[in-house]
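In structure tokens below, several structures.
Below are two complexes that have subunit A in common, paired first with subunit B and then with subunit C.
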Partner chain A sequence: MSGTPWFLVRKHLRVHWVRTTLTVTIVSVALLLFCILTTFVTSLTAAVDQAASNRIVVQSAVSLFVELPLDYHGKIANVPGVESVCKLQWFGGYYQDEKNSFAQFAIDDEVFLQQYENDLEIIDAPPGDGSLLDRVRTAMRADRRAAIVGEGLADKHGWKIGDPVPLTGKIFPKSDGSAWDFTVVGIYIPKRMNVDDQTMYFRFDYLEETLTQEQDQPIGCGTFFVHVAPGHAIDEVIANIDALFVNGPQKTLTSTEAAFSAGFVSMFGNLPLFFGTIGGAIVFAVLFSVVNTMLLAARQRIREAGVMKALGFTNRTVATLMLVESVSICVIGGLVGTGLAWVLSEGIRGVVSVMFPTFAVAPQTMLISLGMSLTIGLLAGLAPTVMLARLKPVEALRSEG
Partner chain B sequence: MGLPIGYSARNLTVRRSSTALTAIGIALTVGVFTGVVALYQGFVDLYRPRGSESAGIYLRPGASSEGESGVTREQANIIIKGADEIAKNANGEPLAAAEVYLAVYMNKLSGGRTNVPLRGVQRMSLELHASGNLDLLEGQWPTWGANEVVVGAGITGRIENCRVGDTIRLNLTDFKVVGMFEHDGMYRGEIWGDAENMMTALERPVFQRIIAECKPGTDFETLGATYRDNKQTPLKFISEREYLSSQTTMLGPTLLYLAGGLIVIMGTAAILGAIITMLATVTARTHEIGVLLAIGFPRGSVFRAFLMESCSSDCSVGFSA
Partner chain C sequence: MISFEKVCKTYRRGGEELRVLASLDLEIPAGDFVALMGPSGSGKSTILNLAGGLDTADSGTVSVASETLNRMSSKALAQWRARHTGFVFQSFNLIPVLNAVENVTLPLLNTPLKGAERRKQAEYALGIVGLSDRLKHRPAQLSGGQEQRVAIARAIATDPDVILADEPTGDLDRDTANEVMELLVRLNEELGKTILMVTHDQVAADRAKRTLHLDKGELADGSAA
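Coming up: the complex of A and B.
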């Protein structure tokens, strides 16, 4: 007799449909959870992993919330190896309602667009000649209130090129209580994960000029983003910048973009570890449920295995069928769970976009998830498979199971 | 006629490997479920109302937290010396203080940098925060006008340079740690020093908030509207309780949905796990059940025996998990 009767796998799965459904469900739920938890962690660390290698960030050594004097800009630019310097100041405003809070940064528009050429791509700009990027560059130069926004943010609020966007400043309120006026002149999508599509960038000089009229305090800037020229050692440039301000007025803390982003990740504390532990515990618990189920399935078919062996099917064939059954249950569960995570990803991102703007299930995560479902299937099927393979036909036929 | 308890008990020991597998499966399930409940409790705790209802907080209009706020020296003077709603202590001094707040970078003992809240306080702050069982555990309170700080008990074992006798450097100024204090609320995770010295050291010319004990019967809502429209001292005025709950609602929807989703999914996984395990156990013994019924045991007593077996194994495992 040749060939393996694969249809038996299908039959078994169908006969014990309650068990099959339950097992597929639990595997899929576990892997859905695994994918989502992993994605929370990876979306946090993506900005670290995908940081630009030639970009360094200068900030106050005292606190992220302390502004550096504006004359630092020129001093940093004069450090050997510094190619360009871009001011970047957190604005902290909201659109219409405080619930619509998102990230806004005041930036030096020309330098910014050049520094971020490889990080974001302009997908919409005012009509005119030249590339989208050129048109945005011109439009930003022309209008003091110009701003570019991420696609996700634009979609959320229905903003289009030319639309006015009034923002109320929480850190920089206008003295008369009115909103700051911005005009959308560009929409971008991230090319790398160190940028998200929920952010607005606008001209620093608009902030500076308005604040100069509003208040008598000197205006500062929270961070300077510096590009290091090729051929210069990053560590050296970092050390030289910090050495410049070691005696004040504000000591600086310069680090690579990756280290700067890692600082934000660490603000989430033990969240990655916590998520990892939950995910691990659940996958482990599910593994045991599936092992139990497969042992049961094997016990129930001792007699059937005996019959098959008596008919001349090899030990290998009988055992393979068992293993295939276990693996297919788990892989189906894995596909369902992973697919569900992929489908839900967009919806989850909508809910958590304030804290996790780059939330998206990565292909690697899905691959790992499917790999895990396969592993669970193999591990769970191992003991029953060995048991059925070793079974003597006579004993099996005598069994009452 | 009932099945003897010994039947259930012996079953557990006779089917050792099956019992063990079931036990581990259930233990993990219970463990996960315990995690769910702990998570839920944590959230309930996070959203529990905190802070005094009679304490008022004055911030810059539009600011939603201390970090975003700024209150000038003039405003602070006007409010603390002149505001009617502020209660007085036994000596007739207004129970109000202007405070500086800044999250500063400090190194964790376990390595890496973190943000530690730094609060510049005034003499009256100690009296105002006394309601949260403010207690000096070690050393002394900072001398007013000196570059000295006290650290909250919550950070002493976590952050570098936070033991009594250590020195904390803020930009270019050294502050001596002269004491350690305990507090029921969030202040136990902060560093406190004289507000004036902090403002000088950090070159920050404004306070972040005024906190005051208000007279009984203060109408926070009406007064809040008055302050908002006030030309001379436009401020946001809310009760401490409302301020603290607004801090959690800011995190609110995201964390709430996140935790809710996690709890539902984890709970589902846990329950499914238990169902599958028990189903496997029972199905494996249909034959045995048949024998018991054939001998003449009534259905009810067989059912009870199995229920007892599953409950006793699950409970004992549950406790150990």
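Coming up: the complex of A and C.
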């Protein structure tokens, strides 16, 4: 029979609007920062989490920057359980200006498109019959200089199907100083986080043939991406590949794609711990500030609590109103901060896309952020709530508050 | 209606004990209007708080509206207060963030009334105290006398058996005090409310049906009005 005057919460939030606005702002800024910092970490590790489970990477045991001989391709392909092998070589060029650096890889186009069928989706291709993927496959075969580019990259430079893209090679400069010529024949979007939309893939044989003309020394390849056939143990295939080259000429280090990506992430040092510590410290500081605010609010409400109790409201009802007020403020702050992070992440990705190409606030991050706002509200409301609940009506009415 | 039997009340603060009521007997029949007078610190508010279930006696029996309050839990006491009592305080004690009609609606949340009925009842109560034209005013926008009339409307909104008023005219000037007393007399005579009112003001006390004098924890019957 006892109703709860929820409208009292709304009235307090509105009448004390300065306090409400300030607290909402503080909480929202903290959770905005939390979301952004967390997203830096998750977008680094997303590639690890989303790696294809049947894909392994062969690289030099010395370092990622040491090339493997090209005839390894055939040898790896002969290892039992190997379904397909794709060369993947970092190109390291820029478009027009050195500021326009982005990732480019020379790949075996047919194998690559097949291996990455579930990782990326073609959204634009030259006109013709068949699916977009089929048309890109045909176009790649037809033109030595063909390349596919991520949508984000294409948008940034205004590239369309058929557009020429000249790149200056920094690792592979042409002897006459001219640019490498590429033609856009496909635009893709990532379907999984191990691929980003800021990369260009082009034909390995174009690189190989051009370099063979330019230099005498044999050319190599940085990595081989291998797909393991179903029914074969990944560990065994990895061991067999590495065993093959144990006596050189180049020892290999083969790992799952996940482990390979993780190795890449660790090049950033312990960024997750660093960001995690900062994020935690911010949220902690905000928690104390909100606790202080709510305690102050409760102290100013002692007399009101006494009146409410005199009117027949139970300790529980009086306390609940206080807790709901604290939680409301914090959850509103959480919604604002998390929403802002979501809105701003697009713009942030534009700025940090070279290092964090998959920068996007994960739904999980948003849920955690909202959960934290709820927790801050509950923790900050706890002491004031208990204080008002325990208050004897007579003492509350006697107070000045 | 209100009955105290051998009621003792001792306050403890720090190590000191202050015995305010020692074996106090008091009998107020239904429909009575009693003014309780006495020196400051004599225990008048204590009696009022015990009668209103805001505080509990150390020993003895406090019975109000045919219920014994001594052994009730704080939750049961709260519910009992909601049903049977209306409080009027010296400093009005309206909720500052609520307007007049919302303040009067507040205690009605503890009744089975629905939203629209609560609103109607609150407006009716404000009509009784003559403030139908101030429904949307916040306490800060009302005069002291108007605030106290809103507080009286709030006290009678749930149609309680007993109205407990602690120096209701203490913060008001003579004319406004007279208006408020007029109102209390009407509540007693026309609506049959039992009223226990603490006051320092002889003029106010004279409007009650009878006056009790409290001194050093002892009650003495005063002259009937």
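Throughout what follows, the second predicted complex is superposed on the first by the 399 of 401 C-alpha atoms of A that agree within 3 Å, B and C clash if a C-alpha of one lies under 4 Å from a C-alpha of the other, contacts with A are read in each partner's own complex, and residues count from 1 in each chain.
Definition applied: a residue touches a chain if its C-beta (ideal position, glycine included) is under 8 Å from a C-beta of that chain, and two chains touch if they have at least 3 such contacts.
Quantities reported herein were computed from a predicted structural model and do not represent experimental measurements.
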{"item": "First (subunit B), second (subunit C), both or neither touched by A:Ala229", "value": "neither"}
{"item": "Subunit B versus subunit C as contact partner of A:Lys309, first or second or both or neither", "value": "second"}
{"item": "Partner chain in contact with A:Gly3 - subunit B first, subunit C second, else both or neither", "value": "second"}
{"item": "Which superposed partner A:Leu273 touches (first subunit B, second subunit C, both, neither)", "value": "neither"}
{"item": "Contacts of A:Val29 with subunit B and subunit C, given as first, second, both or neither", "value": "first"}
{"item": "Partner contacting more residues of subunit A (subunit B vs subunit C)", "value": "B"}
{"item": "Where subunit A meets both subunit C and subunit B, residue numbers", "value": "none"}
{"item": "Subunit C partner contacts - residues on subunit A that touch it in the complex", "value": "1-5, 7-8, 11-12, 14-16, 303-304, 306-316, 392-394, 397"}
{"item": "Complex contact set, residues of subunit C against subunit A", "value": "49, 52, 54-55, 74-75, 78-83, 85, 87, 89, 93, 95-98, 102, 106-107, 109-112, 154"}
{"item": "Subunit B residues touching subunit A - in the complex, by the definition given at the top", "value": "18, 21-22, 24-25, 28-29, 31-32, 35, 60-64, 67-68, 102-105, 112-115, 170-172, 202-206, 234, 253-254, 257-258, 261-262, 265-266, 268-270, 272-273, 275-277, 279-281, 283-284, 287"}
{"item": "Interfacial residue positions of subunit A with respect to subunit B in the complex", "value": "18-19, 22-23, 25-26, 29-30, 32-33, 36, 60-66, 92, 98-99, 168-171, 173, 177, 217, 247-251, 253, 263, 266-267, 278, 281-282, 284-286, 288-293, 295-296, 299-300, 348, 351-352, 354-356, 400-401"}
